[in-house]
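Naming follows writing order (A, B, C and D), and every chain is counted from residue 1.
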Amino acid sequence: MIRVAVMGAAGYLGGELLRLLLGHPGVEIGQALSTRFPGRRIDTVHPNLRAQTDLAFRAPDDLADCDVLFTATPHRTTMTLLPRVRERAGTVIDLSGDFRLPDPEVYERYYGVPHAAPELLGSFVPGVPELFRDELATADLISVPGCMATAAILALRPLAGLVAPDVQIDARTGSSGSGALAGDGNLHAERSGAMRVFAPVRHRHEAEVSRLTGLRARMTATGVEAVRGVQVVCHATGDADEKAVRRAYREHYADEPFVRIVAHRRGTHRLPDPKLLSGSNYCDVGFAADGGRITAIAALDNLVKGGAGAAVQCLNVRTGQPEPLGLGFPGLHPI
Amino acid sequence: MIRVAVMGAAGYLGGELLRLLLGHPGVEIGQALSTRFPGRRIDTVHPNLRAQTDLAFRAPDDLADCDVLFTATPHRTTMTLLPRVRERAGTVIDLSGDFRLPDPEVYERYYGVPHAAPELLGSFVPGVPELFRDELATADLISVPGCMATAAILALRPLAGLVAPDVQIDARTGSSGSGALAGDGNLHAERSGAMRVFAPVRHRHEAEVSRLTGLRARMTATGVEAVRGVQVVCHATGDADEKAVRRAYREHYADEPFVRIVAHRRGTHRLPDPKLLSGSNYCDVGFAADGGRITAIAALDNLVKGGAGAAVQCLNVRTGQPEPLGLGFPGLHPI
Amino acid sequence: MIRVAVMGAAGYLGGELLRLLLGHPGVEIGQALSTRFPGRRIDTVHPNLRAQTDLAFRAPDDLADCDVLFTATPHRTTMTLLPRVRERAGTVIDLSGDFRLPDPEVYERYYGVPHAAPELLGSFVPGVPELFRDELATADLISVPGCMATAAILALRPLAGLVAPDVQIDARTGSSGSGALAGDGNLHAERSGAMRVFAPVRHRHEAEVSRLTGLRARMTATGVEAVRGVQVVCHATGDADEKAVRRAYREHYADEPFVRIVAHRRGTHRLPDPKLLSGSNYCDVGFAADGGRITAIAALDNLVKGGAGAAVQCLNVRTGQPEPLGLGFPGLHPI
Amino acid sequence: MIRVAVMGAAGYLGGELLRLLLGHPGVEIGQALSTRFPGRRIDTVHPNLRAQTDLAFRAPDDLADCDVLFTATPHRTTMTLLPRVRERAGTVIDLSGDFRLPDPEVYERYYGVPHAAPELLGSFVPGVPELFRDELATADLISVPGCMATAAILALRPLAGLVAPDVQIDARTGSSGSGALAGDGNLHAERSGAMRVFAPVRHRHEAEVSRLTGLRARMTATGVEAVRGVQVVCHATGDADEKAVRRAYREHYADEPFVRIVAHRRGTHRLPDPKLLSGSNYCDVGFAADGGRITAIAALDNLVKGGAGAAVQCLNVRTGQPEPLGLGFPGLHPI
């Protein structure tokens, strides 16, 4: 039994980690750590866990040794925290933005502050089993990409040789991506029904996409009406026709347990839509081609395949368990 | 030209007052007062007013004389504020909860604190033109009822002689009713898609309904997915059949400019639904009767007929202008 | 391995049965029957089942023998169909409205047509394990109550001795309850954001509630903005205080695997809200008492505990498997 | 008083025309024509018009002479209808797709059928007052562009000289754009919360945008959760910095009554969001520039500035009335 701990356990990604880990037959959640709610039962903060557990939060300083530590703490916080807690865990799987970019200068350009632990940056393996399965099997430091980055990486990776390097990514996201802390922009009356372009240029996830696909990615991001869910629509140029594009996707993903190709000619659900993926670890990918233009689409649940689910998938790879273990929920329809 | 001022102008009711008053041909908005944003243009807080006005907020202490002052400030605040500002205005129209209940003991029971200006309580006329049109024509102090109270009062008033006095009101409301300040419960990811019973018993608006209908009203309230909109479903007992009930509603509301009877046998929109009323000053009322049970239903936009629109309607009555002036927007379909 | 068949497998309840049964370790889905889509893969209609199965629909006439047959066909259809298919299955679990009311006269009053198989009406055991666990263990004909009826029965049953017999139920429901067939009232632009009182008096589920609780239930029903989810708010009178009420609920539900008591003094999620239950088999129940009035609240997912999940729970009871088998998904937060 | 008629008056665009025209002081709606509902009151189909009018639909064949005829009939229908009705009206303002593209070959490529009235194609003036005000003042045949096309044209036109000709448009739309007829894809349970890429490549509005901006536009379109509202995010390349871009927008739109520049550095509502524009005739435009990439954004209500409102604005220009007449509703906040 793998002993795991979750830091930042009161946030939305933390809660999703707890949900997945409580249903995982190969792990034991020893510790759920939270700065805000030490001593409180976790189901008072995550009401979907009622009757699932009696676990309570403890203070972060009380972190005891464990096999795997998940850090679901905010970026900027995580880079100062991580060097202090690293010794407590055999493997650290980080879900924050702080260890995704190996170059401290790129970090500073996109995050606006100097990196506090640049010496660690090069040691992290990206938490994308589809690309780094072998490295993850032995990695002690794993950094799960941003939710929109994961979607875009999986959408674009099969196109790497088929399209020109300049790619425009149009990302849409639900409100859970901005976290569990209330603010003016997150107020229901303001956020409800919105189409809010919050990053008209240079969303920070574009740096991760560029790095892991070899393309020059530009990303625009919009908040749309949803709680969970991310969708990316990637605009690329290239002469490949739809048949060739389909072949490329099949080659990449035929054996992947959590990537499905969804690209039908007709029907209501012919291309990836995140609403079908709430709670599931799938990333659905699809595409269309027309006259030199290729559109690639991906959808996922930002808290699962875009965060906690990917982290659990990495844990499975790292600890030699079956990769889909604990990640079997297929999603709902209708929803 | 009537010179009006709005205190609490940065809130949602304040913003709705500004929208209605800017479109009103008989008034001039001299002052929009806000504690939080003095000096800022009002369209930075109420973006729907872009290109409608160059007005800026000023600090509440700078209130100058005016003909009509609207107080859209929070309850508890208003009862200490009002005695200080009363001299500045010929007529005060209050939208808070502080002057709705004439009895200070009832106030304390429902609001949990003693009233700070009990000597004023008896002087307010309820802002319900359908019941108090004559009194409102000369009133200097007007108190607009709560949004759910207005809906319930208009739904139940025609039934007063037809039903037993014990009435159960089931109220549903959108999120704008809880105001423009962010909090844990208002976070989009929490509030979205909710059916949240926030007052399982004894919602405070029941006291107003009992007072103005002569019934013994009990009110339960639930937040449902909507930004604007209130609906009440009132459960009463009585032997009247639907024909007699319809007659009672017609007698009460045939000549009312802002109450429509919506009670059809079939069709998608056969009973009152607040989604059709966003932005409009209508209160739609409907009913059904079956075997000794009478159900009365009302719907309105909580920020318009449930607040700012009712207040403007009162202003029109008080100042001798046509009652519908500035309140002509009929609502949208589809929406 | 129990061999099961699902008739009406292309509908929303049918799809939910397929989802649950595919994840159930003790059953084998041999047959998914559909009048509309024979020959098509089931994942073309239920896209959440992509990569879960290669099963295709077959025509209802091709029904072969099985251990358990679920009928998720429309009411009126089911009562003519059932006598013809009964021989094919050891046990039939019906999810339609046709076999819920033992008295054909009551059926006709609520459904508007004479019953086509009155001789079978008395043989069905209600699919409510919380009330009929022993009978279900040997039943060959099981009828799952309506979604709103199940919620109201579980909310009210503990109050049976504590309240006066007249009870008013206010039910709210999402759009999936009206099925997968498009109609004017279901069009997104019409149904979105609605508060639509579609049964102002005498919703047909009230007959089931009266029967199984011994109370005289009246039910009003409203469609609110949600796809999944039912909530009932039940208004009763009685002198019991909250402590006595809580005790009654605890006595009834302390050992129930799928009923949780949710009745907290404060917090965003202090009372049952169906949004937390999407995909889960829980029915959450809560309450409040004040001055002679008792409010009881229940929430569930209409397609799970209000239909397919309850049916699977009954299958588990009937076939001697652990009652929670295949029903472990706890729901999501946030959502 | 201008005598107007609306053909296709039972659809969503038809209903919006009726709402706007009923509130317009310079016109008289003589006729509302509908194939589906002749004889029915228009407020039974458009419930927001209750108490606004007693008008009833009449059959299209009963069309009598009028000054201005609005055709809000489906594409393909309109091109066969229009030659027959043209004589009845001094001016025809068409809201369908049939007369937007002057070249019948381009029409056939995008609409999949040969044009039925190619001889008329060259006679229509595009219903975009911002570009064709002078021509519209005397036009007898006016064709209002598609909702997404209008948004993209207004977003991109100021950039014409500043960016490279290849432009990628990412359009998002609410459900009302697909009309008032129920279908599988429009069912609430399917459409709710969707992010549905329904045109991954070559949305037909791209042809209109290319024609009226001189750019080579590609358009992808996605349905998102909303009833009303269109947003376009246009991705272009060019060296202009934000200051130069702002200057271009100001030059184009400083005097336009219905185009607002919304491009702030911060704030919740810093860029165009259609939720603020429901019911209003504004098109909000915004932009950002970064390292050779320019993002242009526009938002509007597809039924108003994207259809009926633009048509009324054209009527005002054509008949010499003040351009904003009848179009004063500013939109709501919050909503």
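The working rule: contacts are C-beta pairs under 8 Å (C-beta built on N, C-alpha and C of every residue); 3 or more make two chains touch, one makes a residue touch a chain.
Since we're looking at a predicted model, the values are computed, not measured.
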{"item": "Chain pair with the higher count of C-beta pairs in contact (C-D, A-D)", "value": "A-D"}
{"item": "Centroid comparison with chain D (C-alpha atoms), farthest chain", "value": "C"}
{"item": "Separation of mean Cα positions, chain D and chain C [Å, integer]", "value": "45"}
{"item": "Centre distance in Å when chain A and chain C are each reduced to the mean of their C-alpha atoms", "value": "35"}
{"item": "Chain centre separation (chain A, chain D; CA means) in Å", "value": "38"}
{"item": "Touching two or more other chains - residues of chain C", "value": "12, 176, 180, 184, 189-190, 192-193, 227, 334-335"}
{"item": "Contact footprint of chain A on chain D as seen in their complex", "value": "168, 170, 172, 184-185, 189-190, 192-197, 200-202, 218, 220, 222, 224-226, 229, 231, 233, 235, 268, 271-275, 286-291, 293, 295, 297, 299, 334-335"}
{"item": "Contacting residues of chain A [partner chain C, same complex]", "value": "12, 15, 19, 22-23, 44, 46-52, 176, 180, 227-228, 260, 262, 267, 269, 276, 278-280, 282, 328-335"}
{"item": "In the complex with chain C, residue positions of chain D that touch it", "value": "12, 174-176, 180, 182-184, 186-193, 227"}
